[in-house]
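What follows is a set of structures to go through.
Consider the two complexes below, in which subunit A is the common component and subunit B and subunit C are the respective partners.
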Partner chain A sequence: MPSGEVPLFYRRGFRNVLQQAIYVAATAIIAWYVYTSLDLREFGFGFLSEPAGFAVGSQWLTEVDGVTNSRLTMYLVGVWSSIRAVLVAILLSTIVGVVVGVARLSSNFLVSKMAMLFVEIFRNTPLLVQVVLWYAILLVGAPIIQNVVNVGDFFFLSNRGIAIPWPVPSAGLWGVPDWFVGVWVIALIAAALVALRVRASRQERERETGQPHFANRYAFTIFAAAALISFLLLGVVVSIDRPILEGTQYAEGMVIKPEFAALVLGLTAYTGSFIAEIVRGSIQALPRGQTEAANAIGLSGYQRLSLIILPQALRQMIPSVTNQFLNVNKNSSLAYAVLYDDLFRVATVIQNKAGHALEMFFVIIVTYMIISFAISAVMNVLNARVTAHRL
Partner chain B sequence: MSELPPIPRPEQRPLPPAGGPRKIVLPPHRQRAGRPFRVKAREWISRNLFPSLGGTILTLISAGFLGIMVVGILWFVFFDANWNVITANRWLLFAGSFPREEAWRLWTSIAVVMFLIGLAYGTWSSLGRRDTLFIVLTGAFVIFLMAHGGATIWSSIWFLVAIGLLYLGYYLTVWMPRETSPRRVWHQRIVGGLLALSLPLVLVILMVAGGANTRQFDGFVLNLILAPVGIVGGLVVAIPLALGRASNMRTIKWTCTAYIEVVRGAPLLGWLFVALFILDDVIGGDLIIRTMVVLAVFTGAYMAEYIRGGLQALPRGQYEAAQAVGLNQLQAMQLIVLPQALRISIPPIVGQAIAIWKDTTLVTIILTLRELKGNADSAIAQSEFIPDRIEAYVFVAVVFWVVAFMMSRISQRVERAQGIGER
Partner chain C sequence: MRLPSLKGRRLFSAMLFAGAALIAGAVIGACTSDEDEQQAQATEQQQQQVMQQQQDQPQAQVSGEPRGDTVQLVKDRGVLKCGVKQTQPLFGFREPDGSVVGFDVDFCQAIAEAMEVDLELVDASDASTRFELLADGEIDVLIRTTTITASRDRELGVDFAQTTFYTGQGFAVHAGSGIESTADMGDKTICVQSGTTTEQNLADHFTDLGLSYTPLGGSDQETQDAFLAGRCDVWTADQSNLASRIGVLDNASEFVILGELISKEPLAPGVRDFDSEFKDVVNWVVHGLIAAEEMGITKANVAAMASNPPNTAVARLLGVSFEGGEVSTLGFDSVGAQFIQRAIAAVGNYGEIYENNVGDAVPRACSLNALASEDKSNCPPGTGGIQYALPYR
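Entry: the complex of A and B
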């Protein structure tokens, strides 16, 4: 039927436009209402550059003086604290998740039931309660600093935290300045990248020709040689700083504070239990023939897992695991409950002192989105690499 | 039940012994490979625990670890812990500042909800031996808690009555035939409607005629109110959002996408921050009302994503078939698309419901609302209970665990009953 015969009101195009016009108008009215009801008289981000006037605890690799520095600087310290906790928690929860997920499918009755117990306990308990419980255990359960547990002057354990040795750069072989350490780290990363590239290309050739190309040996040799040569050229000395006890305080070394430990433990157990379920699901989704074929060609249990099962399951689990990593990022805001100065806590402190709730909320949400974006970008690269080799 | 043609059975699967409980026989492609029917205990142990040298070592190590954990936990529970912090603060943890003389309103609400749960179980599921065990254990735990330290006998009796009502509701509906029929449809509609009305009904029981005001919702009662509000409100927000995001009109699609992504971008704590400081100017109202709005808005964004997944999983043919039989867009959505899409997305939606149940603890952190965890904080702030932090938090964790575990079991059962995830 030519469109001229249909009344205007019943034409699809007209309908579309009409519906969208109504929708846009309604949305605009709501937006206008919200906009006018907000108190925007003092809107602006100038307050962030004023002196902070408060200190931020649990600093690491940062020396920030809370009195003279601006609020923005303190906020960035909080962001750094968050990122640190998130990175450690992501790393640990992945390990825990894969181990527990594989253990759940173990043919050993005891092992699989224990893994199930782990998952059911940690998945069904609020993360907040887990974090404060870990914190309570670390504070009440660990010995007070007077009765510190001392492991050969290397590790100290008390309710002030765990002190461990930590590498610290010092003046170089030929008196080179400290920033050469940074150069050396960059050189090491570059060497590692080159080694990985060589390994990948040799593996490729090995697959194509069927001849051994010793990918791992080549890569390791390249990396070791580059590390040694750059070390000698740059002359950096890294000494290990052992923790000491000064009165009731830790000095030197690296101190893992109970706040940080509680947050990371909580995030690790909670997220680990979710990742375990993802790992189990994606392994179970593989056709049984994969396991049977691996058994048929005589692979051992470990070889079956690492060469056949996990690489295939990885493809399926990366999107879900990425989601869990994003949750770790967002859940790190629970640091507030154990007084770990993450970005959310610092932001609320700033809001407490200076007001400007709306602006602070913008800052918070943008920061979380940037971190989330970075995590998903990395995971997308990984995903592309994993799915690229599909045969 | 009409006679079905006999189902061919694989030869190697032994039949269950005759005279046992009547089992539903699934078609072969849905039968799960079970373990062989009778295995001798010795054979089972040697196969599952000591299959080889490595397996034996693994078993011994994990048995040792498990033993240490169990002994440690038992030691803590029975010798080390001081549970007075719980028993002395029962009312604080359960209802906090809810007026004590109005306690009958709480008991009545619990009884009503239990009855409705019984009805729902009788309509869609059945109570097996495990469920009975779970109910008995939970009931014993609650009554032990009530009796310990000398509460009135009436609260225990009320609780027993509530459990009785659960079974009453169950036996009222369980005998009705399950085959699809007009009667069955009405039966389901009535029970579903009662379930949907239960939340407003409970609020009415708690608040009308001299009951509590919203500021007196406290302790575990607050969790029990906030979570259903978040779940139901979230679904109400989520369905239009999901349809909007899947729409082919650009303005609608883009705004819905922006809404979902922005809400999912910030943690719930950030949105509670909004409820506390910013929403006051926009919608006003009590803090608890603003918190409910934020919970619904937050949950809605996540659930919308899951429902969108369900919409995408529907074959295009469903839309086309709906158009072909002459349904208009609204009818197609209501009759064809949404029922199927919602059914597909039940498992993740229940997952989100469990998440929101656990996340109701977050209102304690920056808001002045005190739910169970917040009142546990108040309990350990009393000078005599300062050393008992671990006990208080373990108790809170166990309470949340029981409810969350129950929810996850129910969702598994729904999945199995509907054959979700099976092809």
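Entry: the complex of A and C
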């Protein structure tokens, strides 16, 4: 071998070709394997259109019956259950997160240590353990239906769930037609728009003059007044249904079942503890001068927080919080452990009956991705809006 | 992204490898746990899997040649190997002291005594391998809450003897709930094992009734926990399963198992195909124990009955002479004319076996397992016993 000549195996050109060849061959083998095994398994989604043959218990606003409906319909019922749990958990965990995050920075020793305890407990234990524990508490800790806790016929608490009053559209006191409900909803939206407009203009003046204009209070009062007046004018088109106990069943009202409650409690506490840390971090990342300046111009503690600190901190944390919201979506599959009929549980039942595990998992993955993308899209829009309005 | 150094790259590939290993582990874990659950549930799918395996090797399992004479085999060995469950209270359950007891175990005992051999109880708790134990000769007879179905009879190399226990999908409710049948279950919350035929039977049955209900689906254990905690009004599963799970509770009296059944699950002893000599023995031990109850022969009086039989039928069943006449063996020469008498002397008649094991948990009166000859005047319409011994003559 002449000196200076590189051996074939160490030549860059040869290596490139070799790597490409191995890559192509491996891809071809995997593709062939997938293709043949799918062919053997009679890959297809036809099984989803067959009758489901099972019932799904935790439904809300729907009453879909599995004997007459297809497996796909029952799956969509599960998807709706998942989305419901995810939305409620996102809303509650955001509230919990902001409150606990701010509380951790409180100068009050008790408040800040309590907040720290909350964060450390829920952030450092597995979510599955938490969810199962919540379910056990609700199932065994809550009284049985025969010993139901009745709070003035308005709230009922038992291990069948918590029944609360819930608004339902009705024909109204003066026999107004049903479509008045629509009129009322439009009136409410109009009132909300007016209130937002007033709020914005008052905030504008507040910025210009430096005098407090109580934008939020004005906006809320306008909305509440408009809602009340339109409500009375149109007649009672929405009535509040109080829960009733019929034997061992709740009727009317809204029932929060223990399966749903355990899942949402678990997701809320777990995600809330992470969001609390994000909130704390975002606030602490603000220059100290912001707080000092707020103190210097004589703002109260609440004004400092609501006008100076949070508006700046919250917009910084949107990308991190988006991640937490996506985690809520993914972690919602832990519903499986607490018998909540989310999309994963329903899909598992379908799979047990029909086989086709590969197709079913494909559907499950695509569904979770769609929900995640939807959450991301909403959060990106929000992020774009708050960063565009940077002061 | 550019990786910073060789060390970084090594770390990266190590992480990749660890990730792949994790995923592989998770996949294997998922498959295994799924299998476990299916084993516990003995779902249809899994039975099909077993059947598939059997079909793949028809020579091994279902050959036309006689597979040997189990009666001779057992007598030569001096031991009857009986496959029983060790996990189901009342039917086949391992007590803390190590002894295995239950309804099925008593039938094993009866067959062993009838053949004058010792009894060895083999653990056949695993639903997925129970038929293979039989085919492989690990056990001689399988008495393990096994439902007779046509496909098992045809495809698994198993032959079923007389049904020992008739059950079906039943319902448990809380005592004092006022629920007496599925007709009272409208709008109730029902705990049901999800992903099983139980769930489907339930949906079909309520559609037929025109009633709605709220299901709460989960595994066997999860649904039991939820029902016992009062989360559900009703718990549905195989009635014998409900009975055995409720029967062992300290507060069993707080629950009631309804008599109503919405599916057929006849549980019977299984023997190997193509061995009618042995199948006849198992079959007629079961019939003999039922016949003994019909004739009023018990563990306590069998000896007196044998020394002084009241009629020819009793004499024939016990294999003794009636008033000095000939003893009829009915061709059971391989086990001797008195094989049924020995079985009765060991475990009592069918009614005694029932009462000793499951009687407290599943009241026998008016159930399918009562004698067909019972007085049905107090039974709700459409119920009543069907146990009935074929004529022993």
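In this text, the second predicted complex is superposed on the first by the 283 of 391 C-alpha atoms of A that agree within 3 Å, B and C clash if a C-alpha of one lies under 4 Å from a C-alpha of the other, contacts with A are read in each partner's own complex, and residues count from 1 in each chain.
Note that a residue touches a chain if its C-beta (ideal position, glycine included) is under 8 Å from a C-beta of that chain, and two chains touch if they have at least 3 such contacts.
Nothing here was measured: the structure is a model prediction, and the numbers come from that model.
In the superposition on chain A, A:S70 makes contact with neither subunit B nor subunit C. Of the two partner chains, both subunit B and subunit C are touched by A:T348. Once the two complexes are laid over each other on the shared chain, residue contacts for A:N159 go to subunit C alone; subunit B is not touched. Shared-chain residue A:V140: touches subunit B and subunit C both. When the shared chain is aligned, subunit C comes close enough to touch A:A55, but subunit B does not. After overlaying the two complexes on the shared chain, residue contacts for A:N16 are found with subunit B alone; subunit C is out of touch. In the superposition on chain A, contact of A:Q249 is made with subunit C only, not with subunit B.
Of the two partner chains placed by superposition, A:T291 touches none, neither subunit B nor subunit C.
Under the contact criterion defined above, the residues of subunit A that touch both subunit B in one complex and subunit C in the other are 139-140, 348, 351. Here subunit C touches subunit A in the complex through residues 43, 45, 177, 187-189, 194-196, 199-200, 202-204, 206-207, 212-218, 222, 225-226, 229-231, 233, going by the rule given at the top.
Taken together, the subunit A residues at the contact with subunit B in this complex read 16, 19-20, 23-24, 27, 33-34, 37-39, 107-111, 114, 120-121, 123-130, 132-133, 136-137, 139-141, 330-331, 333-334, 336-337, 344, 348, 351, 357-358, 361, 364-365, 368-369, 372. By the touch criterion given at the top, residues 48-49, 51, 55, 58-59, 62-63, 65-66, 249-252, 255, 262, 265-270, 273-274, 277-278, 281-282, 354, 358-359, 361-362, 364-366, 373, 387, 389-390, 393-394, 396-397, 400-401, 404-405, 408 of subunit B touch subunit A in their complex. Partner subunit C is touched in their complex by these residues of subunit A: 53-57, 65-67, 139-140, 144-146, 159-160, 248-249, 258-259, 339, 341, 345, 348-349, 351-353, 355.
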